[in-house]
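Quick one: structure below, then a few questions.
The letters A, B, C and D name the chains in turn, as written, and every chain counts its residues from 1.
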């Protein structure tokens, strides 16, 4: 079961128009930029992109918007600039122009929806968002004294994730804060494509150090260590 | 409703210092983006564990230029360092921890806080986006999950509007969650009876603070100057 | 309903071997307690990943006496070994994986299987416990979560009762989940039209198998002897 | 924030009558037997014990039953013997005699209830148990074509967990299949007491190798490596 793909292009080749793709990364940490670039090159359209934020910071997701490949974005912190300052991103422009649909969830709800999909849980009750615009159209229920919102699982067709090390069987080891969304996105997606800095043979990663079990990962591609650096807000 | 910006109060750094003195040893704290992040400068060496919501406990000080590691940032996208006893986990685990009640305190910025403790902090309608679109980020989970919510903000907006209001007009982050408000002008506690003015910036009176605060303040009988 | 134990069929080991030949390369499989565990002896070296529901992928063969590591057991509490590419996770992650659809097949034992594919395997009323008390273990999650559910069992009970029945009289593990039944006497597929008898043990006829099976069997036009 | 307790007795001293205690361990793997022994000695009564199974295999939980300390057990595989053979355990005898209340959940539901409690999720919809005795008294809901059961969070007062290594701040590193229930029980409980084979200083465990973040663990006690061996069914 060798899951290594020889190139980024081949790893993303079969992504059809209309696919939903979860992309890992918290600002610059753990964003699989080479896979995003390969998708821009591949050209699939009408995509639903599920990611924390659309850039800049991970500018290359914005590139997909500029290319008009994205129909809908599902995010928790879509715009890099804060509420009151900074440049307007191509994503923000597209949302304002009505060219890009967008759904925004609280950060914890966002990943819990992915986690639920990967874990075979149809829906869950969270206290987050009660009494805000987030509760619109959702079922509310009281447990004890507190009200909770019913949130549904979110299952992407694909996930693009990033790992420090990956073996041929798909076992992934993450590094520091670059782990962020990768485990839950890997479990949630039908097909997970992992961009790994270091390619290992099975057995080279200590089984207790595997952060993402291989069964969640269908494709592994070796990438060079990205040379971008965090930008400071 | 336009209020004059007539008072000079604490700097952003001193707001952060005042909040640092409010935090207790032996606790776990999450600091939001903006002034809250500055609190970390004042608690170095103290027995307080900082959580970064992207998936880290025991975040260290900002990294110097040659310490920068691209896989190690805080939730404001700043390169940081690790401390002895730091650990890493997924963003999902991080928010499980936040909703699960493991944050003794969250320090957050705000656009508006109401007298009931409602918090509005994730969307400024002036930006002109649909009202369900904006950077919610971790704010709603932190506001609901943290045992104590401390707001760090300037007392009024740049264009002279109230930020401490009777009812929030901006989209809410969460209802009835704020415990303490620390601004450049005052320290105000949210109580069941209303907003309790506990401390005022040097040179100001309770009346001065009331003049830039929409709801009626209850003046503490133990009112003092802001102390650090 | 007492049926005579008149036929001699496959041993437990050969039931396991027949199931091993049913498993496809490149898949991930969970083996339950009992006969299912024996399947592992027949797939060594094949490209099949075994999951142990206490939190391990790629479980290796049973440990020899001097390989025993107390922190490394399978879900039947047997000391096992690890293979290159083994990994560990929590029991919760393990069941997330099971419900999440990552088991291509689960091989389970059974007390009864109905013609609709209902499975009863966790509680024998003869034990005399309240009907909601017993060793449910991982069976319900595996039965619901696995893409293919293969039952490994003896065709009738020790005291000559049907195990393949019209309706399960024992507490259910899950409804309409069984895909294939492999017994000492036959290989039977659960189809929408009913139970399809595909293979019979050497020396037996379809009529022989029908005589120890409560529901009416559909005899496959391609009926063969059980092959490995 | 030094969480190390000098002895097992001191670590369990404050457990009151009526407390609920989650105990990790899957058969013999990762069962914190020394903590169970300390609890037997301490003598708290009317306890609710939340664990996979009551023994033998982790015989010492049975000891609590023999001591008449347990009012209720919440399990997923309560009896070591299989449905048709093996010796009747003290737990099984107590259940038959009506001296011990028992609730049994499917194994995945069991830990998901604990996980929900630790994660601030009030309840979740699982497909497991539909059409069985497990669904009794529970809300059912259809999502798509499939029916799901609503299961509630389960929050213990205490958790007893086991780890290969733990530091003074409570960060725990687990070993192989001994991890099993420890992470979710640690997060779920109000007070988690970890029995660790190796006591480390902060920084001695690689931050990417921490399986249970320190914030979930309130007490750490050093124990000797247990010398029991797996028993074979």
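Everything below uses one rule, namely that contacts are C-beta pairs under 8 Å (C-beta built on N, C-alpha and C of every residue); 3 or more make two chains touch, one makes a residue touch a chain.
None of these values were measured; they are calculated from a predicted model.
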Between B-D and C-D, which chain pair is linked by the larger number of C-beta contacts? C-D
Using C-alpha centroids, which chain lies at the maximum separation from chain B? C
Find the geometric centre of each of chain A and chain C from their Cα atoms only, then give the gap between the two centres in Å, rounded to an integer. 37
I'd like to verify one number: the distance from the centre of chain B to the centre of chain C, where each centre is the average of its C-alpha atoms, in whole angstrom. 56
Taking the mean of the CA coordinates per chain, how far is chain C from chain D in Å? 28
Residues of chain C whose C-beta touches two or more other chains: 56, 82, 88-89, 95-96, 98-99, 145
Going by the touch rule set out above, which residues of chain D reach two or more other chains? 112, 115, 119-121, 126-127, 174-176, 179, 207-208, 211
Touching pairs - complete list by chain label: A-B, A-C, A-D, B-D, C-D
Where on chain D does chain A make contact in their complex? 112, 116, 119-127, 141, 143-144, 146, 148, 152, 173-176, 179, 207-209, 211
For the complex, give me every residue of chain D touching chain B. 1, 115, 117-121, 167-169, 171, 187, 201-203, 205, 207-208, 210, 213-216
Interface residues, chain B side, partner chain A - complex: 33-34, 52-56, 68-79, 82, 88-92, 95-96, 98-99, 111, 122-124, 127-141, 144-145, 171-175
Flag every residue of chain D that touches chain C in the complex, lowest number first. 26-30, 53, 57, 76-79, 82-84, 92, 95-96, 102, 104-109, 111-112, 114-115, 126-134, 136, 164, 174-184, 211, 226, 228-233
What part of chain B is in contact with chain D in the complex they form? 26, 28, 47, 49, 51, 56-58, 82-89, 93, 95-102, 145
